[in-house]
Amino acid sequence: MNNHALVPVGVLGASGYVGQELLRLLAGHPGASVAFATADSAAGQVIAGQRLIRVDDAPLASAELVLSCLPHGVSGRYVRDVRAAGRRAVDLSADSRLSPDAVYGLTEFARPRVAQAQLVANPGCYPTAALLALLPLAQQGLIDDTREIVIDAASGVTGAGRNPKRELLFGEVAEDFRAYAAGNTHRHLPELRAALEREGKFTGDVVFTPHLLPVKRGILETIHVPLTRPLDRAAAEALYDVAYRGEPCVQVLHDALPALRDVVYRNRVALGVIPVADVRRPRLTVIAAIDNLVKGAAGQAVQNMNLMLGLPETAGLVC
Amino acid sequence: MNNHALVPVGVLGASGYVGQELLRLLAGHPGASVAFATADSAAGQVIAGQRLIRVDDAPLASAELVLSCLPHGVSGRYVRDVRAAGRRAVDLSADSRLSPDAVYGLTEFARPRVAQAQLVANPGCYPTAALLALLPLAQQGLIDDTREIVIDAASGVTGAGRNPKRELLFGEVAEDFRAYAAGNTHRHLPELRAALEREGKFTGDVVFTPHLLPVKRGILETIHVPLTRPLDRAAAEALYDVAYRGEPCVQVLHDALPALRDVVYRNRVALGVIPVADVRRPRLTVIAAIDNLVKGAAGQAVQNMNLMLGLPETAGLVC
Amino acid sequence: MNNHALVPVGVLGASGYVGQELLRLLAGHPGASVAFATADSAAGQVIAGQRLIRVDDAPLASAELVLSCLPHGVSGRYVRDVRAAGRRAVDLSADSRLSPDAVYGLTEFARPRVAQAQLVANPGCYPTAALLALLPLAQQGLIDDTREIVIDAASGVTGAGRNPKRELLFGEVAEDFRAYAAGNTHRHLPELRAALEREGKFTGDVVFTPHLLPVKRGILETIHVPLTRPLDRAAAEALYDVAYRGEPCVQVLHDALPALRDVVYRNRVALGVIPVADVRRPRLTVIAAIDNLVKGAAGQAVQNMNLMLGLPETAGLVC
Amino acid sequence: MNNHALVPVGVLGASGYVGQELLRLLAGHPGASVAFATADSAAGQVIAGQRLIRVDDAPLASAELVLSCLPHGVSGRYVRDVRAAGRRAVDLSADSRLSPDAVYGLTEFARPRVAQAQLVANPGCYPTAALLALLPLAQQGLIDDTREIVIDAASGVTGAGRNPKRELLFGEVAEDFRAYAAGNTHRHLPELRAALEREGKFTGDVVFTPHLLPVKRGILETIHVPLTRPLDRAAAEALYDVAYRGEPCVQVLHDALPALRDVVYRNRVALGVIPVADVRRPRLTVIAAIDNLVKGAAGQAVQNMNLMLGLPETAGLVC
């Protein structure tokens, strides 16, 4: 593939952890090149070979597609500018995720819609792992909606952003572990619920509790699923095998449970299941692991971008 | 207090993480002195000022009380030797925990029995945190036993012992996080269930999933409790305040949730609660944090020892 | 010792890492009590049982002695206020360290002067370790001053303070290691040189390079000393044994080198030595380890305070 | 490039950290494919898509080139078997590094010899960083050989291998830092000295002290160089710029010093320099950083393999 074939893409908000990861992935992408990258506070700096400019100076129309890693509450406005300039967009912020104008880009469940989309709302990191774990069960009607799904999720600190805050200092986070936004107060929950209903027809209760892990990257979710009927381990694994047959970015483990190190630096979700012994009603524990910066953000954005541009879906990605 | 007043105590199995912590605590204890400490593989070495001897060389009768940190499956035998020598014992292994001859030493719920006991079975680290979190609710009949209690627990690696295993190498654990013994297969679960029934009359289902944290010490448990009736946050906190009024080793947080750094190096459980929003039936999330080596093992053992010897309950402990 | 015997002391600047450590140590001190503790940004908060007040509200005269953990450049002014109020002071900042009005409080080398001092300048963390390692050699004229002493020092991040800075975020520091202030540009170097000359008559060259370690606390210094004559390991160890005989806070290792875990949470320097093989001229490598927050700051301050107040030197300290 | 063009290569010893990294790199290599990979204890397991076989079952002749990650003391024997089978080899162990039959594969200084070699001895991780830092100065006669070069090196734990040892457990290494093999006793030193003399004509003294860092991967070396004449920072940087002009795997920093995060997961050495102020004789501090598993082992082996096979030098590598 020669240089003339590279599709020019733009990146808004490139100095945070997600933006940096996106530049890193695009730097090694065989089919796209970075037309511009913005970062107001870091304008003038060079990251991954790219000199950053101010967002208001971005030549939006010089790109065929623009990916926005701007903060929630800011991103939406610039995504509208991109659309107004006649360009397609992937919004990695939460701003477009509940919007009817955007395709919710959980790639494995939205492939044809993403390919045609003018605007893709890239899913949140926590919902990405939870949905990939739950939708195969939900679509088979296997989740008992009279009982609650309980999700305990733990994320590396890059998920909390790169702005200096005392509670994110190494001296505070190292050797620590804590829950936050407990009691169903995390802003990812409505997004998760909406997608569970839309894609899985599931309208039951969900309890979602995120935790802050003393690691740089990675999300592990331990998902407690009440079942409508018993599933042994082989049957549960087979169900996931079927649901994800041929999927390049989903790894279904057999007789094993995933760990962060199975997924970091990869655009992959790893899934493992085990039935729960010694309880009266059938339950399945599903463990899902992703890299919050890759499959949970920049990697999935590239996966969606590839589909939108007609490139091979995993171009530039290690799955 | 002069030196003649120090009560001689013995330590079996002093080279592991729990044994080392116990020696450290006893070295600073104002009312007890170490008569002997054993460690077969490390015999001859000096830890915390104490020269280690072989367990079969231990002069059991030279101590008034013996604490055993020997491994599960080995400890029970030596504890019987201690009893046969006419000495009282605290067994930190699992061997005595389901035995009718031992008092289960969850101090806050067994104070008078511990004081009189010839043999105290020191609780497991995971059950200690879970029971201190759940018993106040169970004793008030607030837990809906038609639904499952879900406990996701995460422990620092010292909980897995000090024997060299590949999966515990720094190169494997750092930047990683994983579940283990999922599906209700952990050996602490029967102990937890038995105590919930005995002390709390709770016989409902429990789902317990431990995880391995990349930290040295500390356990955090996120405990999802189905309630028989709604409790707002203030009411839930008040309930714990009453249950633990005057307890020196229990910290009930208000409008906050505990983290590992609130408890490491302390003989303390920290508890925080929050009701779950946006679910149809009442639920409470309870977070409990302890240091697995202190309140989860050596510290609680000293607390129990103090009671048995008539010493101030927190002598030698930082709570 | 009953409560009336507790000496009231004040703490200025109690919300940083050093201030917190100082409050922790004082909370367990058998002979002193905290009369007040200040922290402007955290005024009103409670740390270690102490409600923080604003520094300008501090009732300086209510304390017999005031310890200042205020930042460099600020501390000196408040220390003057303390002195003007007729109270003795320990200044943990760098402000008093080169002042003729203060006693430089490297306890082991300044004990009688500290006991009588009105103002003690508590040494910097890096100089504390370096001086305790070098002075025994310097005082014996064993350091070849025609060659350079090379010191590579590595510190945990609490040494860099608790103010939020991007470069101190967990996401930046974890899995990283770097030098900083290389090329002899660190502000601790003049302090180190002055004390080497004053206490050790050493006026040769020193190369000092600090590094940032991905740990919370601890300093390890690898000190390369050119010798005037060869010393084998036993002779070098004997020299340190003699120099530090009876010192409660100095541990001289034999046939071993110290690590951070030998010293963290302790008011101790651990020293180990090894001659360098396969070089033409005699050299000794000295490794010194301290906890930057304890022997490198708050612990040594308490050690000095104890001397000033006529209390046992290690009261309230674990050495 | 179609599949028929892939050169078959073999890997001996694929279950350790270096072997795993090598399989990871080869899995994404555009010009080579893995013909076989061995690992006795892990035979039958699949790593990076490759089923491991026993080393004695390896069909050596099925590969055009064999890379050995076997342990020191074992590797040499199998490398001889490879050569006897008429195949070229890269020995990542120390076994061939001092052998006259092997080309010492510090790529940047041995490119033409490597391209022609039948057997390449891949350099040790510590010498790789030290030599790339020192040879430009040595080749210009800038190092004062009447004074000692002092090297303090710090490595992540993967450098110590993957065999279970207590001192490498997470519970021991986390929050710790220590020197080891001090006093010039590390086995990499003769290799370093031989190469300094061979490539740089430097025969002066070297003091080398390695340290164990609580990180997974990365080596940082702080190298204290006595100079024959003063060099300011710009002049020193210019010297390195010239020495490494066009080198794809060497990054010379300007007005900055490298950190581990500049190099991990990359086949790159990053170099930064700063003159030392306030000393009587001229000195330069050079900081070198590499990923011990990449440029310090598997990556440099692939770089050498590429040269031997006539492939683009950085094929399959991120520099």
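By written order: A, B, C and D. Residues from 1 in each chain.
Basically, contacts are C-beta pairs under 8 Å (C-beta built on N, C-alpha and C of every residue); 3 or more make two chains touch, one makes a residue touch a chain.
All figures in this text were calculated on a predicted structure; none of them were measured in a lab.
**Q** Determine the set of chains touching subunit B that also touch subunit C.
**A** Neighbours common to subunit B and subunit C are A, D.
**Q** With contacts counted as defined, which of the two, A-B or A-D, has more C-beta pairs across the interface?
**A** If we tally the contacting C-beta pairs, A-B comes out ahead.
**Q** How many angstrom lie between the centres of subunit A and subunit B, each centre taken as the mean Cα position?
**A** Comparing mean C-alpha positions, subunit B is 38 Å from subunit A.
**Q** Based only on mean CA positions, could you tell me how far subunit A sits from subunit C in angstrom?
**A** Centre-to-centre distance between subunit A and subunit C: 46 Å.
**Q** Based only on mean CA positions, could you tell me how far subunit A sits from subunit D in angstrom?
**A** Inter-chain centre distance comes to 36 Å.
**Q** What are the residues of subunit D that contact at least two other chains?
**A** Answer for subunit D, listing residues that touch two or more other chains: 156, 172, 174-175, 214-216.
**Q** Could you classify the connectivity of these chains, where an edge means two chains touch, as line, ring, star, complete or other?
**A** The chain contacts form a complete graph, every chain touching every other.
**Q** Going by the contact rule at the top, pick out the subunit A residues touching subunit C in the complex.
**A** The contact residues of subunit A facing subunit C are 17, 156-158, 162-166, 168-175, 214-216.
**Q** Where on subunit B is subunit C touching in the complex?
**A** 28, 174-175, 265, 318
**Q** Which residues of subunit C touch subunit D in the complex?
**A** Touch list, subunit C to subunit D: 147-148, 150, 152, 154, 156, 172, 174-180, 182-185, 189, 205-207, 209, 211, 213-218, 220, 222, 224, 226, 257-261, 264, 274-281, 283, 285, 287.
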